[in-house]
Amino acid sequence: MTTVFGNPGSTELRFLRSWPSDFRYVTALHEGSAVAMADAYAQLSRNAAFVNLHSAGGLGNAMGSVFTAYKNQTPLVITAGQQTRALMPNAPFLYARDAVVMPQPYVKWSCEPARAEDVPAAIEHAYHVAMQRPFGPTFVSIPEDDWDRETVETPLRRVIADVVASPEGIETILAALAASARPAIVVGPGVDRDDASAATVALAERLGAAVYVSPLSSRCSFPERHPNFAGFLAPVRTHVVERLREHDLVLVLGAPVFTYHVFTDGPPIAEGTVVVQVTDDPDAVASAAAGTSIVATLRATLDAVLARMPPEPRAGSGVARAAPRPLVDTLSGALALRALAHVLPADAIVVEEAPSHRNALHEYVPIERAGTFYAAASGSLGWALPAAVGAALARPSRRIVAILGDGSSMYAITALWTAARFALPITFVILDNASYAAMNQFGRFLGFEGMPSFDLAGLDFVRAAEAFGVRGVRIELAGDLEEAFRACFASPLPTLVDVAVDDAAATIY
Amino acid sequence: MTTVFGNPGSTELRFLRSWPSDFRYVTALHEGSAVAMADAYAQLSRNAAFVNLHSAGGLGNAMGSVFTAYKNQTPLVITAGQQTRALMPNAPFLYARDAVVMPQPYVKWSCEPARAEDVPAAIEHAYHVAMQRPFGPTFVSIPEDDWDRETVETPLRRVIADVVASPEGIETILAALAASARPAIVVGPGVDRDDASAATVALAERLGAAVYVSPLSSRCSFPERHPNFAGFLAPVRTHVVERLREHDLVLVLGAPVFTYHVFTDGPPIAEGTVVVQVTDDPDAVASAAAGTSIVATLRATLDAVLARMPPEPRAGSGVARAAPRPLVDTLSGALALRALAHVLPADAIVVEEAPSHRNALHEYVPIERAGTFYAAASGSLGWALPAAVGAALARPSRRIVAILGDGSSMYAITALWTAARFALPITFVILDNASYAAMNQFGRFLGFEGMPSFDLAGLDFVRAAEAFGVRGVRIELAGDLEEAFRACFASPLPTLVDVAVDDAAATIY
Amino acid sequence: MTTVFGNPGSTELRFLRSWPSDFRYVTALHEGSAVAMADAYAQLSRNAAFVNLHSAGGLGNAMGSVFTAYKNQTPLVITAGQQTRALMPNAPFLYARDAVVMPQPYVKWSCEPARAEDVPAAIEHAYHVAMQRPFGPTFVSIPEDDWDRETVETPLRRVIADVVASPEGIETILAALAASARPAIVVGPGVDRDDASAATVALAERLGAAVYVSPLSSRCSFPERHPNFAGFLAPVRTHVVERLREHDLVLVLGAPVFTYHVFTDGPPIAEGTVVVQVTDDPDAVASAAAGTSIVATLRATLDAVLARMPPEPRAGSGVARAAPRPLVDTLSGALALRALAHVLPADAIVVEEAPSHRNALHEYVPIERAGTFYAAASGSLGWALPAAVGAALARPSRRIVAILGDGSSMYAITALWTAARFALPITFVILDNASYAAMNQFGRFLGFEGMPSFDLAGLDFVRAAEAFGVRGVRIELAGDLEEAFRACFASPLPTLVDVAVDDAAATIY
Amino acid sequence: MTTVFGNPGSTELRFLRSWPSDFRYVTALHEGSAVAMADAYAQLSRNAAFVNLHSAGGLGNAMGSVFTAYKNQTPLVITAGQQTRALMPNAPFLYARDAVVMPQPYVKWSCEPARAEDVPAAIEHAYHVAMQRPFGPTFVSIPEDDWDRETVETPLRRVIADVVASPEGIETILAALAASARPAIVVGPGVDRDDASAATVALAERLGAAVYVSPLSSRCSFPERHPNFAGFLAPVRTHVVERLREHDLVLVLGAPVFTYHVFTDGPPIAEGTVVVQVTDDPDAVASAAAGTSIVATLRATLDAVLARMPPEPRAGSGVARAAPRPLVDTLSGALALRALAHVLPADAIVVEEAPSHRNALHEYVPIERAGTFYAAASGSLGWALPAAVGAALARPSRRIVAILGDGSSMYAITALWTAARFALPITFVILDNASYAAMNQFGRFLGFEGMPSFDLAGLDFVRAAEAFGVRGVRIELAGDLEEAFRACFASPLPTLVDVAVDDAAATIY
């Protein structure tokens, strides 16, 4: 962990003193951005990232992103300066009272060491907790005078946290697969997080299973043009039941059973359909709506299952996925995304936060590789723009494309500055409908009227980009889209493309 | 509470449905801004303000501002949508697990009602807790389906929370004053918060007392050109001891004893100096470093004390306050502030967040009226810019001037959009040294070297302003300052003035 | 605070080393008893009491009593040993992880000092928080090695926390009184806690007001044979409404508005009846069901009200209180209590925990003096038996009578040992119906059937008493009661009287 | 879960109504006992046990035992009644404010369902969380009116939570074993908890490894007369280092690395000794003092390791364990335990809580079978006496022997009543030194003087037993011991044996 993401203040000065030349301090202009950058960096580097915040105020500003990191199951070691120990009895300026309580319940472990000498051990402890399943953020509050105290070296330790399901678990999976005539697999973010996409493809092919993406999955866990790919489940109970009705077995991998956004009544699965869940997330097991659950690391468990299965594939699932709907010429989000898909480099990494265009994205921008799609599992806004910056720092040789709503991008617009400062080759695409369009869509979906206006008129994204040193361009004609995107992908620097879209007819589910 | 500050999402749609025409929804582009706007609005309107956030993500984004509101002792009723009750067992999208825990320990009360029918009672409860001494934020988590449930009317209740010190307390104060030959008064934010400035002036004049401002006070509690005004205490123990050494009595009103930022050793007050504190903040009493503390509402208690004192004033304190130091011509923060002071309307309201210019502000912009100066008591950044918006909404007939650092303003720059949308006559002054200059100053103060760069090169504030619909102007010559400010004060619309300052020599304390 | 109540373990040994000869360590055999003893001791001595517990296990055992102390609003400084700081990173034996969290939410303040040097300041802080209104317990976790560290002396501080209602509050009360033709006063535990009984009697007499006891009040706040005394309110909404219906004003002093145990629907007060509450408990204000609430210290405020009222009393309330019902000869709890009342010394202090005899107690044992009746406000069992011990230690010259159920006494029966060890003149009266009779009564009240047995057959209280060195006697004939009680009151030592009662017909409300 | 342990109150009446005839309600006279009974019951039945407590007061009384259950890693579903939902806004009698917070941080999950309909799902959720690794208690707060609401059936779910270490983990263990010339195994409670004793014996025999018991292990994880058994480690760093110094590999199974009670400085293990830990407890991994840690279920992982090892055993460890020291004739704890060992049935289950005799117990009462020794992992007192009751209920055909200190037994003496009521064949052995002898021993160990007295003179255990319907006998002559114990083991009923011991010379470590 030699890259530190942060936004420092006076209580962190001692930590920053005599900064090692082989460490990198990535300054964000807002703490929420620092955590989101670190989140994507950790996801892409498959290792916990280190964050340095400024006491209660800094941690407070970051809490939305901490919540997202918790839902993303991203390993983070978040530190915040605390006031000098000797001052605490008088409740000094910048004092974080009950510092360990503040990030609850959205960190896995929280600590203010009882002695300066124990700060290294606390950071190591935080690291090991963050890296245990399910991954997640941890927090260490560090009194600023602690950095002046000599301490003994902490012995280097190693932790092996991957596990395989027990023999009973493996047998249960094999028996369910063997008994199924029409199996489906539902993949969630845990598959990609656990580097288990290839194993899942192998399993799907051997089974001839249809593969669905779990509702609102935050990562791409199955190639979306693969013949067995069967599409995306909506976070609505009745929708899930209908889509999965034809299957006698649903194997849920690395996902809850199931994530809902809108309430509809009824059973969670059609009668007669067997559900088996495999996940490393005990909460997802305890809150599952149905079925048998197996707690284990996904990839190791799939490997063990595959080793026990007959090698020859069964016939395919026969699920014919609908072709993308044709589009009219109006410059809509869908049209913009289709244009983007035409010119998107094959190994580009997509970071998404455009709630009112999520359906269109899935329809027109099929993701085909593991590790190339990231969204916030929390539904909290302000994550993707800085996450794109963190992704670019983790993968300097890759193109990063952030697909953002106009509203979404505003929660963390200052992260553009960090992109400019590190000269990162990111394309920020704003699907700009000049409103919180998801609110309008959702209101229509629910039949609501008389709400306050959700329009966002008056935002100028080109100037916003320029304010932070990023080149900005506004596109108002569909015909200009591909060339604009191509120019971005050819540039070694960050670019923002503000696409004026009309999405009056878009629907949320 | 008919003005609602917020940033909504799907879980708040039912609340917003059929929005009453006599209610005003003030949309902020970031939740931290919504809370900061509400904070200033509440301070200036002397009533709790209502905030509407979006589940755990929205509350998370706002937590830095919640922390500041807590330190500011500002009464707020903060609500956040929660998922539909029926979905909770399956941990749905946007679900805030343990919602009441998240804002701890920085709200006074936190509740998710056990039944939909109890939401109105919970909001009323939150209001009454927020409005009890010490004021502060409260939180109510509201499952979104609750808005569909009929409920009975909650009877209107009235709470009288102001209190006078007990007879023993009054006698203690009177005895201390009578016994003192060289009294000092230290005023904190509680004086202005409690509308007790006039009473404090009367008391100081009768006593002939020197009046100091408590370290880092977030409000103006004494006219800074009054003959008894003796200046500002720095948040450093040895500094406080030295400044107050000549007094045999220090009466601390509405402030801690004392707020420190930098640790220095030694006793909190010179031997022989008696300290008496009057405050409505029990925490400030429990953590006081010395003296006798009296818990009571300030204004009512000062009135009671004044009624018992001889009416004729004693001779003045004789504390000669240093004249502001002369300035060289370099365009520094100090020079800019002096220019501002020349043209500042007498009833303008100043909102401050320029950490590296706080000393200069106090030196060159004396505040003379109660209720015209506001800063964040927390030291947390990102408050003042949106707070200026809230102040302008609360006081539509007044000029609001936000004095901001370049770094500070970036934590909440999108609040400019709300200023533009409501066409508020705010002047945003950016004292732009192109760095986190307070960090450099503090590092010099502590003798540190080798820190990562704290420069903020590459920010273009004029374009940033324009991105949000606010007129922006950049000033690089000292001679242009006054005219630029005058133009702002003549405009009915918000303006941002980016002043390029050189503050290499500025000191933090 | 030179009397320490506790139950120590290894982590407290350093604290106990070289114990000062003028300090008293009162050992309880269970931590719940230690806290309950300290609770009563603090109530009777009107000062915070000090408790010393053994790490998380000891605090855990005590939490029921901590909850009761919180509801009793009793000032306590509870300390617990914590493991050596240097061991904490390895989660040692007896380590209290997140020690400050454990007693939440039932302490007012909780702290583990950041340095050994700050332990004295933390204890003083805890003391000042405990002694602010509303009183309550506080907690300090003390790493055991801290006692080996030298520290500087903490300056002695003084806090004056009593307050008078503001002029607006006083006027509001006076106006309500003046406008009322048929006023009632409802007194709660806050009256006696604040030593305001005499002032309340004076007020009632001047007003000619009927005085009711608030539901389940834990202290005697009005002499129960006073002509204005009108009886006890049951914790049932409809009952309260009916009893108070004839009054046009209800002045609630030191009590919630109102405490309910059983749910019944409807408004909290009859239409047209004005409610004014005066209390020092902000929670009781925020959760009041109706009326105007004034937050202030009771006695100081009543004094201020009385000083403004006409001195001559108004005509009496005319509320005729029902005479106690005649009793049949069966040895019931009522009969035993009537016998007790006959011989009870006038200045005896009664501590009560006999849920199924509470009504009979009020009917047959009228309490006439302030400071002579104590019960647990929490409804939690196991408090009264050790509380009687604490009361006896606080008032060595007084007779203490504990009126206990057979079930209740068993939660803390070992506290008899401490009574024996300190040779305290306490009479423990067990109203022994050989069952959790309140459960049966409540079940009948609600019309329930088919519950598991609540009988407690097989307990021998005489042997239990003897096991702990206390003389025990069993009474099975009504005629033996008075002589048995007289013998107790003549003895300088503790005695337990086990009264075999038949309460098949008793009712809960 | 058809056996319910509890101590009910009014808020649980609706739950108890129409109690099913095939359910058993085990009443304890104190809530701490109810939880401890359930704890042992769950440990012995290898399934979560159900506890029913009375609101905040009942949970509060139980918190010491909840803490112990947490440290014991025992799966429990603890429920407590909460007040009627409709009453909550007025803070009613018996209301548990923030009920989910109270048991923190010592439950794994805590919930008050948002709707009555969700109570069954919450209980199921709690069950599944309790039964995931590491096992532990969970809490559900249930508003009492919820039992009146109809709800839909929750589908039955199945969870498989056992896991095998990943291939990398297995290889790491095998490589370490292969490279070791002088291996040691340290066994903790996790071995017996996971039914992995036999596998551990097999592993030790194949390796020729010396087997030590981890400091303060709460269960017997290796037969103590087995040739490879090498004794008990003391919870002192230097002691552990010395005992393990001769080994080049220490394989720690189901235990922390390591549990310390007394602080001594220095490294946790001798240089050159490799430490590999296998445990299902992530906290024990994160807080380990040294080595490589592997998170996995123990038995499944040992099976996988054994399957990969050469079948023929290596030569034995050659660790010669010291014979028990000869004893003088004074009636000491050691002498009593030696006598007990002589007549103890081979399949008896020992429950221990005699802190000052723990060393003697290990020396003179070797435990030889898995699942026959239980102590509290927390060091919290008051567990073993009721735990013996729970053990007897779980294993009706076995003899249960509780070995208790006089002090220890007093924390939960009323649990004898439950033993009598269920006529359980338990032998309660009180090693009665008439003091908190462990405190005196510890004080001597640390060289402390001048402490308050820790004597417990005046307790009569025979009468205490009889008070609760249990036969009691006091033994004051060594020669009477064996016959007394034999009589107990021949009786179908509970018996208490109070052994007057002189342990002036006993040492703690």
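So that you can tell them apart, the chains are marked A, B, C and D in the order they are listed, and the count of residues begins at 1 in each.
By definition in this document, a residue touches a chain if its C-beta (ideal position, glycine included) is under 8 Å from a C-beta of that chain, and two chains touch if they have at least 3 such contacts.
The structure presented is a predicted model; accordingly, all values stated were derived computationally and were not measured.
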**Chain hops separating chain C from chain B, counting only touching neighbours** = 1
**Message:** Measuring between Cα centroids, which chain is at the maximum distance from chain C?
**Reply:** A
**Chain pair, A-D or A-C, that carries the greater number of C-beta contacts** = A-D
**Request:** Look at both sides of the chain C and chain D contact and report whether the same residue positions are involved, with over half shared, or different ones.
**Result:** same
**Prompt:** From the C-alpha centre of chain A to that of chain C, how far is it in Å?
**Reply:** 53
**Message:** Using mean CA coordinates as chain centres, what's the gap between chain C and chain D in Å?
**Reply:** 36
**Message:** For chain A versus chain D, what separation do you get between their C-alpha means, in angstrom?
**Reply:** 41
**Request:** Please list all residues of chain B that touch 2 or more other chains.
**Result:** 86, 89, 98, 101, 125, 268, 287-289
**Request:** State the interface residues of chain C toward chain D in the complex, per the touch definition above.
**Result:** 8-10, 13-14, 16-19, 25, 27, 29-32, 55-68, 84, 86-87, 89-94, 97-98, 101-102, 104-106, 145, 215-216, 235, 256, 258-261, 263, 265, 268, 283-284, 287-289, 378-382, 407, 410-411, 413-414, 417, 420-421, 436, 438-439, 442-443, 446, 448-452, 454, 456, 458-461, 463-464, 466-469
**Request:** Spell out the part of chain A that touches chain C in their complex, as residue ranges.
**Result:** 85-86, 88-89, 98, 100-101, 112-115, 117-118, 121-122, 125, 143
**Message:** Going by the contact rule set out above, which residues of chain D touch chain A in the complex?
**Reply:** 109, 125, 128-129, 132-133, 155, 157-169, 172, 267-268, 282, 285-297, 300
